[in-house]
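There are two complexes below, and they share chain A, which is joined by chain B in the first and by chain C in the second.
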Partner chain A sequence: MVRILQPEERREAVNRMHELSNQDILLCLQCGKCTAGCPFSNDMDLAPHQIVRMAQLGLIDELKASEAIWYCATCFTCVSRCPVAIDIAAVAEVIRLYLQMDDEARFDPESIPKSLTENAPQQALVSLYRKFGN
Partner chain B sequence: MSRYGIFICHCGKNIAETVDVEELTRRFSETGKLTVVEDYTYLCSDPGQNMIRDSIRDNRLNGVVIASCSPTLHEPTFRAVAEQAGLNKYKLEIANIREQCSWVHDATPEATDKAESIIGAALARVMHAEPLVPIKSPVVRKALVIGGGIAGIQSALDIADSGIEVILVEKDPSIGGHMAQLSETFPTLDCSQCILTPKMVAINRHPLVKIYTYSEIEEIAGSVGDFKVTIKQKPRYVKPDVCTACGDCSAVCPVVVPNEFDMGLKSRKAIYIPFPQAVPAVFTLDTDKCLGLFPLACGNCRDACSIGAIDYDMKPTYVEEHVGAVVVATGFDLYDMSNLGEYGYDQIADVVDGLYFERLLSASGPTDGVVRRPSDGTIPKEIVFIQCAGSREPERHKGYCSKICCMYTAKHAMLYQHSVHGGQSYVFYIDIRAGGRDYEEFYRRALDEGVVYVRGKVSKVYEENGKIVVRGSDTVAGGSVEVRADMVVLATPMEPARGTDELVHKLKLGCAEGGWIREIHPKLRPIEAVTPGFFLAGAIQGPKDIPESVAQASGAASKTIGLLNSEEMVKEPIVAAINEDLCVGCRLCVQMCPYNARVWEEDRRVATVNAMLCEGCGVCAAGCPSGATRQDGFTDAQIVAAVEATLEGPKDLIRKIFGPPSSDIVDIEKEMQEMADADGVSVEAVK
Partner chain C sequence: MKVGYYPGCTLKGSAKALDETTHLAVELLGSSLTEIEDWTCCGATTPLTETRIANLIAQTRLLAKTRDAGYDALVTTCPFCFSTLKRANLTLANDELKRRRMNTYLAEDRRLRDYETPPPAWVDYSGETRVLHMLEWIRDDFGFQVISTAARVSLKGLKVAPFYGCQLLRPADELAMCDPENPVLFEEFLGALGTDVIDFPNRIDCCGSYLSVARPEAALRASCKILDSARMHGADTVVVTCPLCFYNLDYFQDEMLRGNPEFKQVPILYFTQLLALALGAPLDKLGLDSHKVDPGPLLERFTVNVPGEVPA
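Moving on, here comes the complex of A and B:
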């Protein structure tokens, strides 16, 4: 069941999202064009338009628990097609940032095989840490 | 002796909740300079009006300020009251303390101070106001309708039926507009041409209607009641009164080009008639496509015409007409689909727009009503309709809802399934907007007939193995969807007809966002354009369907008839005036006037004012270097007094307006004595 938050709690979550992502998520009219173009939408537990909808409702806990925010490849197809120019990748990024603030890491750096650290481009590893590490 | 009155309205809580009306009344009363200071809950109510009227009469007031709402709302009301009481109505001013004060401020002492300033400024203006007399002029009892689509036709017919002459101007070779192109019309599915052509015939036969087709407005001068219109008739190179539309010319024409009326689905010749029921039934030679007239490259058509209707030497002609009012009904065009890159237009032949699909569905269309793919002529088995293709996309295309697409897409989807047995329509939509009688029922009928509605917008359209892949989403089911279709129809938004910008400039009308022509008031005066004498009909004002366009066209006709049936035009005397003794004849005003209202009189060497043309913009009064031009209702004395009163601040406002009370008059001798004492010199030295 979709939770409805107390107005103050919801407004605070929405304002904080606006502050950190610089995206006006309240403009979203749920047309679904992001989901239509997203290369991973069918593998996600929450489709991109649903991510924005939950952000509108301030359901940050649900978003934190979702797998979808980790599937986002930041390819920006959604951003380039969105009729109201919402950067959904930035919204997902903020949720990942929240998790980092909670001190939750997605992976243990020790678990990376040595072959990968030696062969992968440095930039890729930095990106990996930025997105999944802590 | 000047006797002034101030009436302050509470407007229920609208003003009184923010502005301390009692305090305002007290401040103005205690000055002792005003004959009447009253406040009242609703001045615009009948008792309120009566109170003002009686007070003006009983106290013999010769200047009144009403502190209330915007003058656009109740200035006429209160000025009529002043007139009833025997006061010149231009000696009454409105101080807008609602829209410009209480509605935009919180309830603070500053809000009350500001209201005092606004009232003070209005009082200063009243004190310097001259009594004025409305300007009257005759009315030309003839109307002009621009645009020969369904809205223009309906307006012209209604006006003519009331016994008033109408000039109808259409830029294309035939009247009929976009409605002539449509197949069937929602929600009743009656054939568009079948209901339109009788009206086209009726207007063509109407003794009071004169139609100029293939013509444009070159220039329009004058003002409400008396416009002088110059109409440019483009050369057809065919004499309309001789041509019998036999088609012999077209048969021998060697040039074959796509026919615009059929959205290029069918061809026409360089000399052509756009469609069989065209009005007038006259051929037109398209010189852009003709092999050449100067020098003559072919000449086949002239040789084939046995009655000598073809005249290669035709030139544009300019006709001058006088009319009293104008109906603007220039309609819409569809948004250019080549802007919609992700939907494959320009790359995929079988991606078309709604009007193109109308021609495919039309029984009198190029395929006789059989839906065929433009690429190979085969009958599509699955077809996708994409709604909001370019509308409701404020950041990329058009921000507005185009309004008619939900209904015409439902119609397309159904008509296609009626036409192709076993065919399947898919409609991608964001919301279904089916407001209007029988519209929701029409949408339900489409659902019932098996049209598959998918709630989500399409992101990409591309070709793969002879199919068109449409990648959209189903936000209800919660994922992306792919449909492999044979054809795609985009419901692209309406936009103002091409050339609207230019027309707006010529007619000096106001525009709304999106380039639509704006009305004076969206709710209460939806038909009148902002410039007096112009009325709006149909989709030039915003997306509209046929019933709405026709209703508004009749409304515009009724407004026109009302205006043209009046004996004379009465105009507010808020216009420029000239003191001829001061005019030095520099003619700066003649150059500056945007309305051609300043007239240079060579023999007397002064620049006079044509009061009927003057819109009271004040440019000439501001620019006149010798101070000869004055703006009635906004004279320098009034404006300076109002500015000074405002700058003075609430406390000293009344003092500024009425001059200092006698006790405050500075005693210069005394002051000088004081200065002399302070400096230890004689009074003479200070002097």
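Moving on, here comes the complex of A and C:
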């Protein structure tokens, strides 16, 4: 069941997303090109076009609880194919930023096992920590 | 045009082979690269949220330092560095508010850091340093025709699949290097080396990037798909520019084999290794010992030199 927000609440969530991500999510046509091209849409619990739709509806809590925002690899395939150039990587990054603002939900680098970090290239660690931990 | 070389952290860490073969190849072309002094990490990714202004500081400082050292351009081999620095440069050139914030902060920071000698005044940075990728620089400064003529070893018959990865291609309006859906730069480069370039549909896909650290199953699937496709289209090797593409495509092949006994391993090469090889570098100078899947057996038959002096 999708929650329906009061107009004021919804407007505020949409404006805040617009301001922080610099993406005009209300332009989204729900055409699905982003999802068709996203290499990780099968791993996500919400497909990229659904992320944008939820953001349009102001459903930030649902987005914060989704796994999808952790599967975006910022590959920019979606934005390069979107007819209205919406960068979903930026939308997902804003949701992760909201989680960082909630103290208890902060990303903990220690949560990643050493076996996965010890051989990884430096650029992978720096970008991961910046994208997950903002 | 005076060009400073920026290696970035990974080329001094896990991807030393990329740094070394970059230098080697440029030397074999009769030129050399000067490293920018006192460089730091570029930040590796572009901040996408408008609040994260702090994530632009490293890039601004680096680009200003490059300009102040008298260089017109910065060239880098790592696509992450390229993309991060080039995008930051555009922001600094076009976004007045961010430019003012960065410059104000860095001017203050410089003053606060230096207690004894008064530092030279900070000169506002607004995007003066050109940011180039190595492939671009080789094309524009030497020309692919020159590489073709300079090649001492014929790589004819070596079937190579170029893999672009994300950070050289997208967002194309900002990076302005290739058509994001149908790029040709890498093919032209590999063609100039005399290789047989394989056309395969997954050449512009994402290998999984840093997800290989946080969501390894997803990255493994993405990488495996790319390798299967390259193999299916007849590739002997997949050639990359990016140390993270290299890691995802090379390091996890044992695991791919464990997951699927039908999986056929395929050696991964950096574009600079192939360039150096074509220009006459011996195999033992290519850093091949850092590869999980050894490209040695594949490359051995391409080390027969055409007549001419063999460089040491």
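As a working rule, the second predicted complex is superposed on the first by the 116 of 134 C-alpha atoms of A that agree within 3 Å, B and C clash if a C-alpha of one lies under 4 Å from a C-alpha of the other, contacts with A are read in each partner's own complex, and residues count from 1 in each chain.
One rule holds in what follows: contacts are C-beta pairs under 8 Å (C-beta built on N, C-alpha and C of every residue); 3 or more make two chains touch, one makes a residue touch a chain.
Worth saying up front: this structure is predicted, and the values here are computed from it rather than measured.
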{"item": "Side-by-side fit of chain B and chain C on chain A, or clash", "value": "fit"}
{"item": "Spatial angle chain C-chain A-chain B, Cα centroids [nearest 10 degrees]", "value": "90"}
{"item": "Which superposed partner A:31 touches (first chain B, second chain C, both, neither)", "value": "first"}
{"item": "Per-residue contact with chain A, leading partner among chain C and chain B", "value": "C"}
{"item": "First (chain B), second (chain C), both or neither touched by A:82", "value": "first"}
{"item": "First, second, both or neither for A:15, with chain B first and chain C second", "value": "neither"}
{"item": "Touched partner set for A:47, first chain B, second chain C, both or neither", "value": "first"}
{"item": "Least Cα gap, in Å, left between chain B and chain C after the two complexes are fitted on chain A", "value": "6"}
{"item": "Common interface residues of chain A - those touching chain B in one complex and chain C in the other", "value": "77"}
{"item": "Residue ranges of chain A in contact with chain C within the complex", "value": "19-22, 39-40, 43, 70-71, 73-77, 79-80, 87, 89-90, 93-94, 97, 112, 116-117, 119-128, 130-132, 134"}
{"item": "Of all residues in chain B, those that touch chain A in their complex", "value": "342, 388, 392-397, 430, 455-460, 471-475, 478-481"}
{"item": "Chain B contact footprint on chain A (complex, rising order)", "value": "29-38, 41-42, 47, 49-50, 77, 81-85"}
{"item": "Interface residues, chain C side, partner chain A - complex", "value": "8-10, 13-15, 41, 43-45, 47-52, 55, 78, 80-81, 166, 169-172, 180-181, 205-206, 208-219, 221-222, 243-244, 246-247, 251"}
